[in-house]
Amino acid sequence: MKSDVGSLARPLRGIIPPMVTPLADRDALDVAGLERLVEHILAGGVHGLFILGTMGEAPSLSHRLRHELVDRVCALANRRVPVLVGIIDTSFVEALGLAHKAADAGADALVLPAPHYYPAGQPELLEFLRHLVPQLPLPAFLYNLPNHPRPMFDPETVQIAAAEMPGIVGLKDSSANMTYFRHLQFLMADRPDFALLMGPEMLLAETVLLGGHGGICGGANLLPRLYVDLYAAACAADMPRVQTLHRKVTELARTIYRVGRFESSFLKGLKCALSCLGICSDFLAEPLHRFRGPERDIVQRHITDLGITTNGFVSP
Amino acid sequence: MKSDVGSLARPLRGIIPPMVTPLADRDALDVAGLERLVEHILAGGVHGLFILGTMGEAPSLSHRLRHELVDRVCALANRRVPVLVGIIDTSFVEALGLAHKAADAGADALVLPAPHYYPAGQPELLEFLRHLVPQLPLPAFLYNLPNHPRPMFDPETVQIAAAEMPGIVGLKDSSANMTYFRHLQFLMADRPDFALLMGPEMLLAETVLLGGHGGICGGANLLPRLYVDLYAAACAADMPRVQTLHRKVTELARTIYRVGRFESSFLKGLKCALSCLGICSDFLAEPLHRFRGPERDIVQRHITDLGITTNGFVSP
Amino acid sequence: MKSDVGSLARPLRGIIPPMVTPLADRDALDVAGLERLVEHILAGGVHGLFILGTMGEAPSLSHRLRHELVDRVCALANRRVPVLVGIIDTSFVEALGLAHKAADAGADALVLPAPHYYPAGQPELLEFLRHLVPQLPLPAFLYNLPNHPRPMFDPETVQIAAAEMPGIVGLKDSSANMTYFRHLQFLMADRPDFALLMGPEMLLAETVLLGGHGGICGGANLLPRLYVDLYAAACAADMPRVQTLHRKVTELARTIYRVGRFESSFLKGLKCALSCLGICSDFLAEPLHRFRGPERDIVQRHITDLGITTNGFVSP
Amino acid sequence: MKSDVGSLARPLRGIIPPMVTPLADRDALDVAGLERLVEHILAGGVHGLFILGTMGEAPSLSHRLRHELVDRVCALANRRVPVLVGIIDTSFVEALGLAHKAADAGADALVLPAPHYYPAGQPELLEFLRHLVPQLPLPAFLYNLPNHPRPMFDPETVQIAAAEMPGIVGLKDSSANMTYFRHLQFLMADRPDFALLMGPEMLLAETVLLGGHGGICGGANLLPRLYVDLYAAACAADMPRVQTLHRKVTELARTIYRVGRFESSFLKGLKCALSCLGICSDFLAEPLHRFRGPERDIVQRHITDLGITTNGFVSP
């Protein structure tokens, strides 16, 4: 493990946006957009940056492009915040290769899902971790993928893995299953150094109010300050402010993320909005595709109605 | 498309085993085992060989190893039967890269699943095919993956894609949804050149009796002649023989494929049995792992009870 | 158990239509339509009549109306064919009450699903049968309900129950899971008196070709002779005739059952077609509702195109 | 609608325990236990009583017994708190009959799920409500049943129904889908009189912290005061107290509700604990059954360890 692992706060707290990947084409980064996006997000006061997750379209990208992205983002972030790198791959060998790339580029941690292709029981998931984690060159967060049914790490599996493997330092839960999250918190109560981070941003406020450590909020690509402020309000149990900001988060979910018919409309809406604001390209790698004109017009109208600018959220 | 595309029968008919991948380690082939396995299967009179499918653990293998396997199997098969190569990858670019590798190595066709990571509607699946298929250097079979729920090509999507894209020459259905398969057959009735192939071997007999073209039967790694004979009996509507051989197929499913607790016991049992017979290694890439002693003993006992030898099936 | 239980053939074979319930209103039978429907079905040469199943809207009907229906149908059938009565109820006591009503009215057998409200494991299902079956006044068929996920009787549970309880004489499987059905057939191979009957009519031909005993085919409300003929052709392994008749069955599924958006369109289309032919009312109990004008016009057009008359199917 | 409908607070707030049904046998109430249970619960300061829900085993009970229970509980409660009666039935006519019984007995409101047998789209659910609600003699709460997948009322459907039908006064959500609940709250923000109540008790604290109106908490059968206190603490945003009491709620979920293998262990554990405390019988109607000796011993040990007495919860 690299020498400055101590640089990663334990537990990691706050808002760590799951960065979208600005693309010029299916195998080319939008380099200028990437630079603008990183600066836009960091200007919001976030506490970390998570690249190559589900929101970053990692599974759709070539390994070459993933490696390029790791290099560029680590250089752009330049140690201002910790960089977390998702190693979503169905192949153990490929996931390990990406982990080494991340360490070489100066990333701070990895984000590791359960294998998602073959059905696996919890004993198999635990054995998988026992094989992989000791070989990882960086600390790792476990990752429950969105879109159930997919394999999840049972609370008991997390507890055992965290006790056995010092390299596992937290978990990102995108399952949207709040009962699961509460069980997990209960089991990990004696591990205050273990970060429990929420995926779905609609659940950020209550996560933090009841002791969770923060959120991997997709909307923080667009409005990083909103989520940072909501996190702070929840930490302070400032309930009126929590209510107000939570409502703004919900407004995004009711507008920009709901254009279009399919489950991917969250990601499409987010990239479209970033493009409307001039931050980066809205190209999406197959099998997804960007919104066409009519849908883009709706997104633009929502942006105007909500008073969103590149400097943040100005609601009426 | 390569010049000898005409060499692939239209429709492709018969038994095309989905070959397991003999592994010496997580990133090393069992080369001697691979040679024995290819010869064992071809000696059974099969009509093709399908590598890098779900049964071949393709998603768990590194790209390097997948490429090596393609080269070796094409060389070993040496045009005795058509070789089909699965291009299961969540990345368009990587899937296309593997397709070109297959063409260069002399494979005959590709097997292409719907993208399985992001939820996609049928219009998105169709658009995905419209982007990918014209770039493929070989004819392709669509592939409905096992383990529902996963995206499937709707019958209507198959019909449209087959009409638009001459490069799509058939479909392998591993969904185990026989109602789906019958709807699809009905829609494709005017395309006698389009191969409709069944994944689950328990459904081979009825597939062929009612006009399907064959099966991608996992058990044909172990007992290729059994499946070839059942296919022939079903083609001839020799019902007593169909019943007898179908019963033997079911015996495998009730014995060798059912050792162990998890859904992956089919693959584990198959590799274990091949190892017991001295054909190839039973190593499995993570997240799966080979059977330990007690489970292997059970498999060995089933082999003895069923009278299985490397030369075929000798039931009492 | 009533004295003439021997009157039920063992195994029960053939086509036993799951009769729709002709309704004048949500709590009133269409009595004249019921008489016409029973005669229409029996004229097709069917081997039994199954009332109060899923196709009969049993769960939507009041207990009073269910009792009335049992009385009327038993009287109308007048022992020309065996009458089977579904006892679908979430309450043990109510299900038992309906069973006694059926016996009193002269029905021949019951059809009994797994409890579907509370999640139950196989041991609980088996214990449920051990409590209920000895109290039943008639022989019973187990029933795997349509629309997975719902509790199913595992093949092993069926095997144990059938061995322990002489009152269980067969199973109707509406799960559309052909692999399940083949496993079950294998396990029950030494019980030739135990009837294995298929629900989804698209799977009738292959069920019978490979040793199943018949089908509970919804379409036999409309075209009883078609299914009786297909059953006979499959028994005789007359493959060209099987193919022809199976194709006609599929045509219904591609036309009359597919009008409208929801999963209930099978039932709506069927009742609508019966109404178009003047056989009975198309009223549906809540939560379903009959087709309105535009959808009815489409059904009428399909009837004309397919050449359906009250006397049977006359395709070009 | 009965004249004193105004007696039901709008919105209904607080803890409304979903009462278990004390049974002496499958069709007989444990009358003495029922009296003790009602007094035990009311002594905890709850804000209402909900009978004949999922926790009350309503679907497993005969209609006769359901009617008897309604009479007895209304008499026992004697207007000290509002009584809500679940009308879970697959038949419109039967559900309506039970609603009239509830009104006659003096109950205050009904709890009405989406029809759960036939798959129904949202338009069909809305039409179902339009038929049923105007005929109901009492105000009604919509009810999303536990154990997904089952039909749920979409947030938009709730919004439309609440706007159209004054008889619908709130919703109980047992889906455990917190994202759903937050969407619904957002849509209903302009209807402060519409009660949004949470089913799963693990989610009570956060529900109330972010503006929900209360909980239908199963554990309040056993420890009513605990839930009433947690509700009050959350209303007051007393975060340390919320954390402490939420932790006690979770302890129940990790102990008493987790004995036994199946999903029904929550209900079994709860009834067993009530029996251990001498409050009422632990008999369960089929298909469920009470815990046997070894499991009961574990529940008893948990009760001792947690310091539970009939007077409430005394943890170390």
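Chains: A, B, C and D, in written order; residue numbering restarts at 1 for each.
By our rule, contacts are C-beta pairs under 8 Å (C-beta built on N, C-alpha and C of every residue); 3 or more make two chains touch, one makes a residue touch a chain.
None of the values given here were measured: they were computed from a predicted structure.
**Student:** Do chain A and chain D, two copies of one chain sequence, contact each other through the same residue numbers, with over half in common, or through different ones?
**Tutor:** same
**Student:** Please work out the Cα centroid separation of chain A and chain B, and write it as a whole number of Å.
**Tutor:** The answer is 36 Å.
**Student:** Rounded to a whole Å, what is the gap between the Cα centroids of chain A and chain C?
**Tutor:** Chain centres of chain A and chain C, defined by C-alpha means, are spaced 50 Å apart.
**Student:** Name the residues of chain A that each touch 2 or more other chains.
**Tutor:** Counting only residues that touch two or more other chains, chain A contributes none.
**Student:** Dump the list of chain pairs that touch, please.
**Tutor:** A-B, A-D, B-C, C-D
**Student:** In the complex of these two chains, what residues of chain C are touching chain B?
**Tutor:** Interface residues on chain C, with respect to chain B: 176-179, 182-183, 186-187, 189, 200, 202-203, 205-206, 209-211, 237, 239, 242-243, 246-247, 250-251, 253-254.
**Student:** Which residues of chain B touch chain A in their complex?
**Tutor:** 26-27, 54, 59-65, 90-94, 97, 114-121, 124-125, 127-128, 131-132, 147, 149, 261-264, 285-289
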